[in-house]
Structures are given as C-alpha cells and as structure tokens.
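I'd like to ask you about the structure that follows.
We call the chains A, B, C and D, going by the order they appear; numbering starts again at 1 in every chain.
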C-alpha cells in the first residue's frame, strides 16, 4: 500500500469526516479488521466497516452458510457477532489503539434496536460513523426487509440520526432487491441519512444437486462478488443521477482498481471491497494503489474530480 | 441429442401443449432457431422461443450492444427484428416445415400492440404458444417496465389472453427487478396467464474505463448468464412456493444439466437456455442429455416427478 | 414516416454464404509459435480445415473449465490445410491473452468455420490484398487460393511498427508483389497502407482487405473511387459468432439498396467495401430499416 | 432466557495460535506427482515453509486469471522444509481438480500458513497419529517433529481403498509403528481406523487425528473414553481461510465451558477432540452462545 506513491490526492470523506483513502472494507467481509492486519495497513485504508452488530451476541445460523456461485457466492451467516458490548469492549478499542477508523455497521429487528445501538456508539473513540444495515436479507425475521419499504427504511434512519452522535455521519445501506431504488434513496436522505451505502447482496438460492434441497441452512442467501457488479453500478448510477449531492459508498463485486474506478465515475466518493477479500486478502491496499494509478493515467489530480464524471 | 437414451420420461408441457423435451431456447438468445441447426436438432428440443417480435421491423440500438461481465454479459440489443410480418412470412414457416415448435415471444410498448400481435398469431401452424415479454428492460420507453407494476402487467396479459388463440398457452415473462415478484406473478396469473417465464435479465451498467462513459449505447443493459443463476432460482423457488399449480418456464444462467435440475427441483416444468448458447452452440442437446442422466441417477422415472421436489 | 431511399450504385454483390455449415469440436493445439507481437497457433482440426474458405473465422471458448469469461473469441483463419487450421492471435484482453498462452498438447473448444468467405474475383482479374496488423494473416489462405486459380496477386501488409506486421514471409512467398508499410518506418515504407494501395490499385480487378476499421474504410474508398470492387473483412465485437445474439451489427447497404444493421458474423465478416457505411458504424442513421420503430426519424 | 450451562470436563486446552502470522505469495510449483488417487504438489515457498507448523494449512486461489471461482481452496500442509511446502490434493470439484492439473513451472497464489497448529504433547508422551484418506498427509510433518523431540510415535493410516491411502511411505519411515486399514481390505487390515486405534491407544499420552468428520469423532471418542487428550484437525467448508467471513464454524466448547460457533480456520482447524460437538455440527443447539438471539431457546 505504501509502495506506489502517485501524485493523485486520494483523500475523500464519509459525510463530513475526512478519510485518507476511498477504499474501505465491506461490512461482514473483514470481520472487525484484526485478521487483515498481516495483509493490509489498517490505518492507511479509508475505514474498517465492521460486521453488522446487534444489541445481543448472536451465534448466527447453522452451517452450511455459503455456496460458491459463478463469479460470486451466496452467504447466510445470520449476523454472527459479539453484540454491542463485545464490540465496545474488544474490537473498537483494538482498532482505536492502532489509529484505524471504524465505520460501525448496526443492525436490528426493530427501529428502537437501531436507535439504542446508535446511542451506545456516541462519542466512542475511533468511530468515524455508522452504516445502518437496513437491507440485510439474512436476518431471521425476513417477512419484509426494512430497505424494501421506503417508509420503514426512513423510520430507522430518522431514529438513528436522532440518537446518534452529531459528529458521526450515518450512511443507510440499501438493498438492490427493490423495484425503484431511487425512491428508497430519496426517502432515507429526507429522513436524515448523510450518505448511502450500496449495494447489499441480492437475494439468491442454490439447490444442492445431491440432497435436492436448498443448500443453505437459511434456504435463501445473499449473492455477492463480481457477478453482481453490473447491478451495483447501475444502482449507484441511478441514485447519483437523481441525488448528485448525496455521498455514496459504492460496493458490489469490486476486485480491482478499474472496478473501483467504475464506481467512482458512476458517482461513488468511496468504495467498499467485500467478497474480493476472500479471494485476495491483500485486495484493499492493491485496489487503492491501482485506483490511484488509474486516476493518474486519466489525468485526474484528485479522486474528488472523478466522482460522478461519467454523468458529465 | 439422440445419443444418450435414458429411461427417464422427459416429456412435459407448455400449458396444455405437450412437448418432448423440457429444454427450450431463450428469447433473443437463439434468434429464430435457424443458426442453431448445425448444432442442435430443432425438432427434439422443447421449442424454439423466438426473439421478441413487435409489430414493425426494428433496427435495434446502435453498437456497442454488449459488454462481457464476470460469468455473464450485459446486452442492449433493443429488440432488433423483422416485425410480425417478417416473422409470419419467413421464420415461422421455416420452423413449421421442419416440424420444430415455436414459442413466439411478443413485445410492445402499448397494451394494444400485444393484443394485435396475439391476434396475428392465431392459428399459425407450428406456434405452440406465446411468451409475453412484459419485462424487457431494453425498450426505448424505459420510464416504467410493464413487469414492474402488477397492474400494468396484468393489463397486458388479460388483453393477450383475450385476443390469442385459445389453443395457444400464454406465458408471462417476469422481471427480477421488483421488490415482490410473487405479487406480480399472482397478478398475471389472475389475469389469465397459463404459465410464467422467469427470469428476464437484471438491469445493469458497465462503465468503459477508457471513455469513462457507460459502455453500452443504451447506457444500461440486461445482465444474463450464470452470474444471475442464484437470483433466478430464488425467483422460481418463491413463485412456485406461492403458486404451486402454475407452470414455470425457468431460465437465468443455465449452462449444464445440473443447473437445469436445480430449476426443475425449485419448481420449473421446463427451462430456457439463453446466454450459455453463445458459449456452447450445442448446449441445448447437451443439457437435455445431462438433465435426463441426472434425473435417472437420482431415481426419477420422469421429469414431471422432479418438478418442485425441493419443496417437499 | 418517410421510406428510406435505396442506394443503388454498389459495385459489389453481397458475399455469398459459405459452402458448408460450421462444426463445434474440441481440438488439440499442435503448434504455438510467438511471431513478433503475436502468437501463431496451429490446431489439429480436420473437420474445420476441410470446410474452411478464405475470409472465414473460428470462435474459441476461452479460460478453461473454471472460466468466468462466457463469450467466444473470434479469430480469423489464416490457413487451413492438411487437417490443420492456423490462426494468429494478438493478446488484447484476458480472452485473447489466454489463447496466446496455449501450448502444444492443450485442447481448445472451437466452432468454425464461421462467416462468409471472400467471393472469387472475376476470371483473370489481378487481385490486390491489403492486410493491417494481424489482419494480414487472414489473407494468406486467400493469396494461395487466388494463385492456384491463376490470378496475379499483389499484396500490402501494414502495421504500426515492425513487430506488429504479420504473415509477411508467407505473403512474400505467395504474392507476385508485396509492399510493406509501417507507421513509424521501422520496416518497409513509412506511412499507411494507402501509400502502397494507391500505387498498386490501377489495373486490379478486385481488392480484398482485412484489418482495422479505419484502414478498411480508406482502402474501400480508394477502390470505389477507381471503380474497383472491394471486399473487406470487418471486426465487430461479437458475443456468439454464429448469428444468434445480434451484437455484432453494423450498417450495410443490401442488394436492394436499403441499409440494414447486418450481423458481421453471419452476413459478414466479408462485406462489399462500398456497402459498409463506415462513417455510421456505432450510430443509428434514420434511413436504416427499422430505425423509425426506434424513434429515429428523418432529420 | 436460560444461561447456557458450562461443560467443564475437557481433557484438552484449546490449541494456541501459531507462532507467526500468514503471508500471501505467488509461488512456483516445483514438483507435481500423481500418488494413487491424489496429486502431490511441491511449492517453492520459503516464507511459508519457514513459518509453517504441523497442523496448519494453506489456501490457494484457483482457476487462474480468468477464473469464475472466487473462493480460496484450503489444503493441509504435509511437510515444510528447505523452502518447499508439500501438499497432497484430491480432485473433488472444479477448484481442487484445477490444483491437481498444475505442472512444474506454473505459479499459484497461496496464503499461509493458516490456522492453529497441533499443540506439543506432554514431555515424553507416546503419541498416536491417525490419518484418514488424504488426511494422513497432514500428519507427516507432525510425525517428524515429534520424533525429533524424542517422542515415540504410533501411526494409523486408513482409507476406503488402497488407492485412497496417503503418505504411507513417509509415515513408515517416521513412525515407530504404522498400522494400515482399508474399508475394502485392498490394503492392510480390512475395517475402519478405529480397529487399529483401539489397539494402539492404551499407553499413549496424546492422540492427533486428521480426516473425515466421522473418523475424527470415532477417534476422539475412543481417546476421551480412555482419558487420553486428543487433537483433531477438522475440515469445514471455507470461503476465506483467514477468519473474516464466518462460514467455517462448528460448535466447540471453549475453555470457559461454553459452546460457541467457532471458526475452523482461525480458532482451528485443530481443536481438542473432546471440545468439538460432532453430533451438533450443522445444527444450532440452544446452549450455543448467542443462539437465543437467533430465536433458539431451551426446549
């Protein structure tokens, strides 16, 4: 990551919080950052987006929890995690000690859960902001996902914005599994979201040809990886076209600097790298360097100049 | 295709029309069948699902019309075709002469277009039925796609069912780009659809890193191929669970007999093979044989027994 | 709605379809030889070789069994003889790079021969063959066929630089005259192929060209200006190569004088040079058949 | 909500983390040798070799540059010496099949060493090593290390049939006793490894096992019944291999007696044999920490 120094100014921001790199982890794809330390300089990346945390510790779903699919994978982890207490006691101090920024993903099954999590995270050192996971299709109560309904989505976001530390930007994480993502985006921005993270996984299914039943314990799972990149780019493109002033944290299948560049040109001011980390644990540093080089080749002096360029 | 003879009864039906094989082409992925003749026995496959036809001849969109994506592709052909006259004069007689069944895909921009097309196709020899393409995201008027609105979708289907030859089953082709595919499925079935084809492509975008603009002439395009298979399977699974009596023509990323098997187990009584034909022009015959062998290995005496088996 | 006006001045008749339909085979690589910037692959593909006609191409599945690249890669047939098909591949992106990494003993899945071949010239006509970059490879089989049929053959091979020239040795052996040009002068004359074309054209009864679009246009225009029929093998982005996907189209004037978006894989890749509307490639002119249905009307 | 009750009878302490963190390197294949049903690959990977401890594994990216397979494949390290890491691969699906097709001179992207190694036995203890199928390969480095530390080593290698036995020659050279069993009797004694294990267990101070889950369970149960501590290297489906994805979990009793869904890549693959709740793998028992939040309550 320190290797290639380009002349391009790679700094960007999450809401009003400046970050030195536009490349972040994706929630649930780098745990809480610790395990990446041998491969990535955690202080040099934009932020560690933590695995979505809920109020209580969760075991997650029984296995099998994943199925490989063409250029992607399906997961149904079920938000295994230590709960907010474990996060505050163990993971966040560890990141803060190292000077790494945490963008904490919060999840819940009721509006109040989200608000309480936001309250607990007020003023916590090293927390650069909150990502509000309203779109995870994997939680047990799958009747309706918050992110699939503009009203439910904005209820959560409004409650979080009211409860959260004003210094902490909040990004609403959107699901692509909707007829009109722009209307959901508009609703959560009106409700106070400082930015938008997109996209979460697509709902998918794999049937095991041997057992002849759904392969995953959770029946359906979330599809991620390069397979979904064109869908993710389309979502970023549509939302940036409709709401050009709203910062977007783009993600979905980013594997190289040129992939990241596509998201930036489509309107993302930062990107998360998820599934690609499973393939290449060094991906974050590499992608930062490749993106910087790609921007330089194309004559950009700064990342900011390139954000949304494809719309011009 | 004639090669491996298994003991499995592979016959199935489109609505009430019997077909000898559950493996069909996918609309727009095998033109009108002619070009496949060197590679596939057109009379042995279930049917040739023709490229969606409209009332008038259409040039389609300017190039570039496609972008390769990880395990898939994006297309924005724009329904290039000869129009209904060309189809009736040239392509359908050619298929009928050979004894190949045509499942004619019709498309339009107004409800009346669809109805007129259905009228023109009444009693035409060799036409096994109609697939109603209400979900193509590629037509010029992209404000709202019929398939994204249960009401608009059922208006089209009701008009087609009223106008069409009663002996011709009509299948509504659904888009995955909706919040709730089951509600759209229910609406079109209530409006008279004899079956459901799913899925059409997902709306996607690719940005050309050289021009830094969207690569396709049509900006967005339709994502197809193995990349989308888990999404397609999930749609088939959800709809079959909700409407177990409704025949489903399953498609989306089918490349092998085991892929086809997954669709059958999820609830499809026939499958279409689209993008895989570009990779392997012999795919249809191979997939029929592989599926027959896979069913035999698993102890099924007939394809029909396996339909929806994963739900049991 | 105004009916598109036919264009009726064409010197060429559309190239006829090939004599034999294509086959799909898994074949063995029997030779792989780097030649300057390219790799020449030799395939033991008797059923394709016996069907192949000059101007046709093959389409390879790329990346092996675990591949995330779904679409076939189209590569012109250079020669097809004694059961062996020879192609020359330039490593452009991931798929063609994978092809250049094949080694003898490897197998590849190939479909061919595809597309329409170059039509035969008028009896006794002197033919001019013009190849740009690896496009020259596609003319080697044609040169041999023409010589065998008793035609006088002049050839021009051009490229950006010496290492991107192709099949020069083969064409030297086959052609009566061979001119070489490079943009940077690193081999042959400095300049574009048109330099040599302009000199060799007079007296020719037909021109055949294969190479980048801009070159094809220049060569076709020069030929048409002198009243010489020309046939160009175009290179459009293809998804299937067999005519079923409609991605590879470009505006071509048909024998009825109407312009259609024609598939370069099955209606081409060989088109009359005066029939391809080069300036309109990648656009949708109003007078293309069916453009009105797309909302494009006469300005 | 009832608090899960601690289980406190464990004979083993959880395996400690490895001495060194993993690295990611592109390394050259320097040997590829079919051995019955498997392929033994030798990799020139000095930085991994010098860090590796018996029981650890490596994770390979598979399919090359055009691959549609995104996830790494985990393979146990058989031996690591003189800068060379040796692994034994069974062609199960597309990814492992691709690995078995690598040839000397090819390069592969590998991450390792990963996971927790087998903990050292009590001083002077006799050790029993039990390998099922290719699982025996993972015990070769361990056998060597134990012998060097002066331990007496008994080993059992079992498989379905003779061609699926593994590393028998290496273990013959290293172990003081080696028993071979096959389900079909095509080599050694007919039957399961437990046949030999039951005979060799008495007098052993520790058991190490690697192989299919059912075998690990049988071996661990036998050891625990005799009060002998056992360590098993489990094989769970993994997406990342480095501990970030949470796909590879199974229910394991921790040192506090509570059961957690533990990652087999970073908290394993080596677990105390009496700590893995084999019967509950693939389920979510109510007394797992955090199961209550999933809606699973005490029955």
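Just so we're on the same page, a contact is a pair of C-beta atoms (placed from the backbone, for glycine too) under 8 Å apart; a residue touches a chain by one contact, two chains touch by 3 or more.
Each chain and its UniProt protein: A, B = Dihydroorotate dehydrogenase; C, D = Dihydroorotate oxidase B, electron transfer subunit.
From a predicted model like this one, the values you see are computed outputs, not experimental measurements.
**Student:** In this assembly, which chains make contact with chain B (Dihydroorotate dehydrogenase) and also with chain C?
**Tutor:** Common neighbours, chain B (Dihydroorotate dehydrogenase)/chain C: A, D.
**Student:** Both chain B (Dihydroorotate dehydrogenase) and chain D are touched by which chains?
**Tutor:** A, C
**Student:** Check A-C against A-D and say which one is joined by more contacting C-beta pairs.
**Tutor:** Looking at contacts between chains, A-D has the larger number.
**Student:** Taking each chain's centre as the mean of its Cα atoms, which chain lies farthest from chain A (Dihydroorotate dehydrogenase)?
**Tutor:** Chain C.
**Student:** If you average the Cα atoms of chain A (Dihydroorotate dehydrogenase) and of chain C to get two centres, how far apart are those centres in Å?
**Tutor:** Centre separation, chain A (Dihydroorotate dehydrogenase) to chain C: 47 Å.
**Student:** Taking each chain's centre as the mean position of its Cα atoms, how many Å separate chain A (Dihydroorotate dehydrogenase) from chain B (Dihydroorotate dehydrogenase)?
**Tutor:** Chain A (Dihydroorotate dehydrogenase) and chain B (Dihydroorotate dehydrogenase) have C-alpha centres separated by 34 Å.
**Student:** When the C-alpha atoms of chain A (Dihydroorotate dehydrogenase) and chain D are each averaged to a single point, how far apart are the two points in Å?
**Tutor:** 34
**Student:** Using mean CA coordinates as chain centres, what's the gap between chain C and chain D in Å?
**Tutor:** 56
**Student:** Where in chain D do residues touch at least two different other chains?
**Tutor:** In chain D, residues 68-69 touch at least two other chains, as defined above.
**Student:** Give the residues of chain B (Dihydroorotate dehydrogenase) touching no fewer than two other chains, as numbers and ranges.
**Tutor:** 70-72, 225-226
**Student:** Is the chain-to-chain touch network here best called a line, a ring, a star, complete, or other?
**Tutor:** complete
**Student:** Of all residues in chain B (Dihydroorotate dehydrogenase), which touch chain A (Dihydroorotate dehydrogenase) in the complex?
**Tutor:** Those residues of chain B (Dihydroorotate dehydrogenase) that touch chain A (Dihydroorotate dehydrogenase) are 67, 69-72, 74, 148, 177-180, 202-207, 209, 212-214, 219-221, 223, 225-231, 233-234, 237, 253, 258, 261-262, 265-266, 294, 298, 309-310.
**Student:** Once bound in the complex, which stretches of chain B (Dihydroorotate dehydrogenase) touch chain D?
**Tutor:** 70-71, 226
**Student:** In the complex formed with chain B (Dihydroorotate dehydrogenase), which residues of chain C make contact?
**Tutor:** 21-24, 61, 68-72, 109, 111, 236-237, 239-240, 242-250, 260-261, 266, 281-284, 288-296
**Student:** Under the definition above, what is the set of chain C residues touching chain D in their complex?
**Tutor:** My answer: residues 62-69, 94-95, 97-98.
**Student:** If we count contacts the way the header does, which residues on chain D are in touch with chain B (Dihydroorotate dehydrogenase) in the complex?
**Tutor:** Result: residues 68 of chain D touch chain B (Dihydroorotate dehydrogenase).
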